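Here the chain labels run A, B, C and D in written order, and each chain numbers its own residues starting at 1.
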Amino acid sequence: MEAAVNNQLVSIEKPEIVAPPDWEPVIIGILCNWCSYAGSDLTGTSRIQYPPNIRIIRVPCSSRVDPWFLIKSLQTTADGVLVSGCHPGDCHYISGNYYARRRFLVTKKLLNFVGFHENRVQFSWVSAAEGPKFAKVVAKVTEDIKKLGPLHLYKKENFEK
Amino acid sequence: MARVGVFVCFCGANIADFVDVPAVVEEAKRIREVKFAIDYKYMCSDPGQQQIRDAIVQHRLTSIVVAACSPRMHEKTFRKALSDAGMNPYLLEVANIREHSSWVHQKDKKAATAKAADLVRMAVAKSIANEQLHEISVPVTKRALVIGGGIAGIQAALDIADARIPVVLVEKSPSIGGKMAQLDETFPTLDCSQCILTPKMVDVASHPYIELIPYAEVLELDGFVGNYKAKIKKKASYVNFKTCTGCGACWQKCPVKVPNEYNMGIDKRKAIYTPFPQAVPNKPVIDARYCTMLTKGKCGICSKVCEKGSIDYKMQDEIIEREIGAVVVATGYDLWDPKPYEEYGVGRFKDIITSLEFERMVSANGPTNGVPVRPSDGKVPKNVVFIKCIGSRDEAKGIEYCSKICCMYTTKHTILLHHKVHGSHSYVFYMDIRAAGKGYEEFVKKAQVDTGATYLRGRVSKIYKKGDKLMVRGEDAQIGQVVEVEADLVVLATAVVPNKDNPDLARLLGVSYDKYGYMSEAHPKLRPVETAKAGIFLAGCTQAPKDIPDTVAQASACAAKVCGIFAGDTMKKDPMISTVNKEFCSGCQNCVTVCPYGAIVTEEVPMGHGSKEMRTVAKINEGVCQGCGSCVAVCRSMAISLAGFTDPQIINEIVSI
Amino acid sequence: MDYTNQIREIASKLFAEGKIDVFVGYRMTGFDENQVPALIRDPNEVSKLVFTDKSVFNLTNYLKQDHTRNKRIGMVVKGCDSRALNLLLTESQVKRENLHIVGIPCKGVVDENGNKMQNCIECIFPNPVVFDEMVDGTPTGSEAPPYQVNTDIQNIAAMDLVERRAYFEEVFESCIRCNACRHSCPMCYCAKCCIDQETSTLYHGANTTSSAFHALMTWSLHLAGRCVDCRNCEKACPSHLPLHLLHKWNEQVIYENFQEHLAGVHEGDRGAFYKYSMKDPDDFIM
Amino acid sequence: MSVELFVTDKAGLTKFYEAIISKNETYAPVEKFGKYDFKRVSSFDACNPDAPIAQTMSAKPLFFPRSAKIMKYTADHSGTSVKETDEDSLAGKRVILGMKHCDARALQVLDKVYNWDYIDTDYQRRRENTVIISARCDKAETHCFCTSLDYDVEHSDAMDVAIVNGTDGKVFIEARTEKGKVFLKEMNIEQRISNNEFQVTDETAPAAVKQQYEAFAASFRLKMDYTEVNARLSKIFDSPEFENVSANCISCNTCAFVCPTCHCFKISDEKVKDTGVRYKSYDSCNNGYFTLMAGGHNPRPVKYRRWRQRALHKFVYYKERFGENLCVGCGKCTNSCPVNISIFEVVKQVSETVSV
């Protein structure tokens, strides 16, 4: 499905929803404290630039991320979510990211099953040393979400944002 | 009703150049709960902190948001400021508007400002759900367990014991001393290894605060920092150490001869033996694999010659328990088996030996009385080829890392050869000479001059036999030619690998280990002696290859860490850990399954108020919990919450963007 | 499939031997051909028990009720029920010593129209995986067929994104948030369900499409790797929502990606989310 | 000749329905996942006014929505300000087709509570602006017991226009209320008569309608005198029988959510950023947390007490206060119950433990 029809940005899941001309996606980034948050700090200290759509939430470990954070994010404020943790084997808490990985896969597939584009929720492993990678990941996620268009997840019925 | 104070930092120009700081303050003031908002040039400076302290008092604030650099930078600073103003330090939230906004969106001030305002709003929302937290104190058992009686274990045990803290030192073999006891002289000073080690071994044995348990293994370690319980298996020695005087009559008369591990199998020992003459404790043990009395029920000579009647063939393994507050792991290293180097003829040619075999031969108390000999014919070698990096830095056959000590000990060996065999000549094949260390480079330079050894930079491609000599063919990269050296003896500087028991031990201790089997430190730079499991520390080659000075330094560092834990009667701990709401807990114990630290146990509570019926619920062990939150995410009933990262806090952040 | 006589015999025997306080089985409604669960406490009422292919409801649901807790229970289980029971045992919700499990070599049960239920057609474990005694002796155990992808799932997965979104939007819109699905599910035993812990931001109980989406998604993720496909939830849903789609999809994802067994087949197996493998798929992560 | 009673045939009725749908905001049963729910319809083909009672949700949500926004609020530095909610989408003039007489009757029962104490103006407006067109059932379903209850099913004025199937394919259309009369006029009944779509009835018509009712009344499986039940139930608050009859219940709440007379609700907020919405949504007394108080005390912690409350509220307390049973005998709860608990049977079983 083409997201942009006649230069109008529409929601890929609900083409009847058209984005306002100045629409900018909101992306929630949930980062683990020890690797990805440190990595994102390094991106900052290295002055590597990335798109400003991401809003970062710090958690101790990717295993702290309950799938319903993602659901709640999509349901309320976000057009997309990025969760990032330590590389497999590098978890500060030994095994947290392995548990998280399983949950993420199932959550992603389930959301896709009920009609959300698979790029709405994305995951990455970013170590504390991978400042440049973090910038790349954010740029990719932002670009993906921009292509997907706004996510009006039933929230229109409740709020005039 | 929450009263939040917001403090936005310019960070000089770092933030202010790319984020409209006053606009962020204005935006913050629009939030209902924000009762005070201000900006300042350097919030972390003392006047900046003073503003926070003043505002807390003046505006009766209930939580504080500082919008500045990363919380990883100054969270502690600002927490302290809160504390100083009489506020619970955990009511602070930091909005990271420098690393996450001003520094990464330098081309778009409008977007960076909007994002900074959002980050502040999120921090405010989170802080509203913050709770007052208090440091946790955990009682500690002031006794340390040191696993491994090599130089690392000895040093750690002595340092801890000198601080008048009881130490339990467990050693796998019959005597402490470890690899260092096998060495002849040590680089770069060439002191005699035994001379500097054995006094320390004796100190261990006689120290009133050290309980030495030789010939034993740790079977289990339960509990958490300050409160471990260790199960230790004392292997049956068949000799009553209490009555044995160490006279040596038994091993002198014992008829069974077996290869001597201490001398790398070059000579024989008896089935009842002390590993080496200076062993501590200097009491023999019976090697049950070989003793004919134990295997076939025939012999019994040692029992007959023992005047004290100390021999007990019916002795069983004994399991003892000790309560422990902290653990130092010092299990040391092994040497890599060079078998994969088939092209060198390893295994086929007797005159190719390892460096530790050479070390034993040149050792004054060694099997050849300090003179190196060819294993094939017992002749004293003249031309000796030393090949470095056997296994090290070799991804194809061995391991990727540099073993760190081989350059230095090979240099030492050339000197020892030079001293012991007149007219001898050393050839050293090397990749690089890595002599970083105090006095090391000088040592190498001096040795090269003094011994006149030939250093050939290049890999050996083949060794073959020519008569009774070995022909070593290799490349001299500096002249770019293939060279062949006629050798009487070839010494392989084999790589350092972790003790083969390391992975098993790491698992039972609950410590992670890397792909080679070295135990993993908590942080490679800043926490090199701690493990991720609180109260367990690493000394020596159990963590990575090290030379003796580094090992001793790390062992002393471990001792300092252990003494730190034991400095008070209780231990302070970060309060950001999980807690269980018993009312909601349904006792499914999924949290118990996923906890990487075994920090969750179960307890029985009444069904309801005053009910006699009991139900099982989870209970977090405060001392063990490290606050990862794995349990929180698998708790379907939302009965577990992680202080500092509770569901309301995170959801508040999500819905406030 | 009619095991009425055997079940009555077993129940009488258990009461006579004093092994149980309550026997959980099925009885006729008294007004039509359908059956209702029967909690028999009086040995004289054993004659009310029946078991036919109309014995649909998964009785393990009753193990979480007040009046069965800490009682000695005799219970009739089919294959799927026994898997639920296995999980409940693993998750320490029932005490094994309090249970006397009567296994049924199940040949499949039928819906209101008399058609064999779809989950029974696709069932791999018709015989109980945990039991104390079987009616009809120990199962002869024909080879279980390999895992079968649910046809409904295939149909939905074949739709394009927009169609799927529209389909599920109707599902979430038709949900009336009565939570009958949760209450009828034997695996939902929490002291207080997370979606009942209402605050203005966490969960909220209003019956909007959005909250139904939230509740159903959370619920199905909590059951991922734990759903035994008994379809109690669908039978309870007053809006007749196709709730099994969510569970079967998760089951399929878990089976394909983690090679995990179906829920409750092995004792001590808590399900896919409570363990991990180094070899789990990693390619979806940047 | 009655001006309120007309006769037509199936085709005439369909045309009448089509006309209603095209001219009015119309709600009718629409099928989704095998279950009918009342939805706004724009064509006759999309709906089924004859949807079977067992597969149809109550029309109650059109008056008492499953979730109603009761207010919006904004909380910022200037304090908390309450805003008007959206316009009530159910307040306009509208017509409901295919509502059964029991469902319609339920609204009359609910009127009592909504007009007592606090007057719910939203509910009232919705009631006033709605014309209910109801087709009388021809045959009772398995769990129906409306005729056993204390209201006149035959002459019920709960619907504004009643439609009764006669013999020989005749369909009688009768205005039961003033609103109904006005509505029929608005729907150009005169012109339909002159078009010969509708005929004015003769004096045999009332008898035909009565005959249909008698046949209907005779088809009931369940019959019981509820005046007697009311009296008996009022005496047995402490009956241990409640524990027995509720043993099967799995507290799933379905019965309350599908009941056309249940009207318990809870209040919940949803807040995003600084804007919030407050909802009033259905709740069920079978829910263990229904009576949980903020202090932690729960007066009905066990199932049978909640069950007793439900039964007694329906047949004792409401009757005492408002003179009506809080039950219309539609059988929706029994149809939806996953363990086939029949409220009729349960009440019968409990009440039989005492004599009058």
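Rule of thumb we're sticking to: a contact is a pair of C-beta atoms (placed from the backbone, for glycine too) under 8 Å apart; a residue touches a chain by one contact, two chains touch by 3 or more.
In this text, all values refer to a predicted model and were calculated from it rather than measured experimentally.
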If a chain touches chain A and chain D alike, it appears here: B, C
Centre-to-centre distance between chain D and chain C (centres being mean Cα positions), rounded to whole Å: 32
Distance from chain C to chain A - Cα centre to Cα centre, in angstrom: 34
Centre-of-Cα separation between chain C and chain B, whole angstrom: 48
Chain centre separation (chain B, chain D; CA means) in Å: 73
Overlap residues in chain B, where contacts from two or more other chains coincide: 594, 634, 647, 651, 655-657
Residue list for chain A, restricted to those that touch at least two other chains: 72, 76-77, 95, 99, 103, 155, 158
Contacts with 2+ other chains: residues of chain C: 192, 194, 199, 201, 208, 273-274
Touch-based graph of the chains, sorted into line, ring, star, complete or other: complete
Footprint of chain C on chain D - complex, ascending: 32-35, 37, 57, 66-67, 142, 221, 243, 247-248, 250-254, 256-258, 266, 268-272, 276-277, 279, 281-284, 287, 289, 302-303, 336, 338-342, 345
Complex contact set, residues of chain B against chain A: 70-72, 96, 98-101, 103-108, 111-112, 114-115, 118-119, 122, 512, 532, 576, 594, 596-597, 626-630, 632-634, 642, 645, 647, 650-651, 653-657
Complex contact set, residues of chain A against chain B: 26, 28, 33, 37-38, 40-41, 43-45, 47-50, 52, 55-61, 63-66, 69, 72-73, 76-78, 92-96, 99-100, 103, 135
List of chain B residues in touch with chain D within their complex: 29-32, 34, 121, 608, 655-657
Of all residues in chain C, those that touch chain B in their complex: 69-70, 91-93, 189-194, 197, 199, 201-202, 222, 270, 273-275
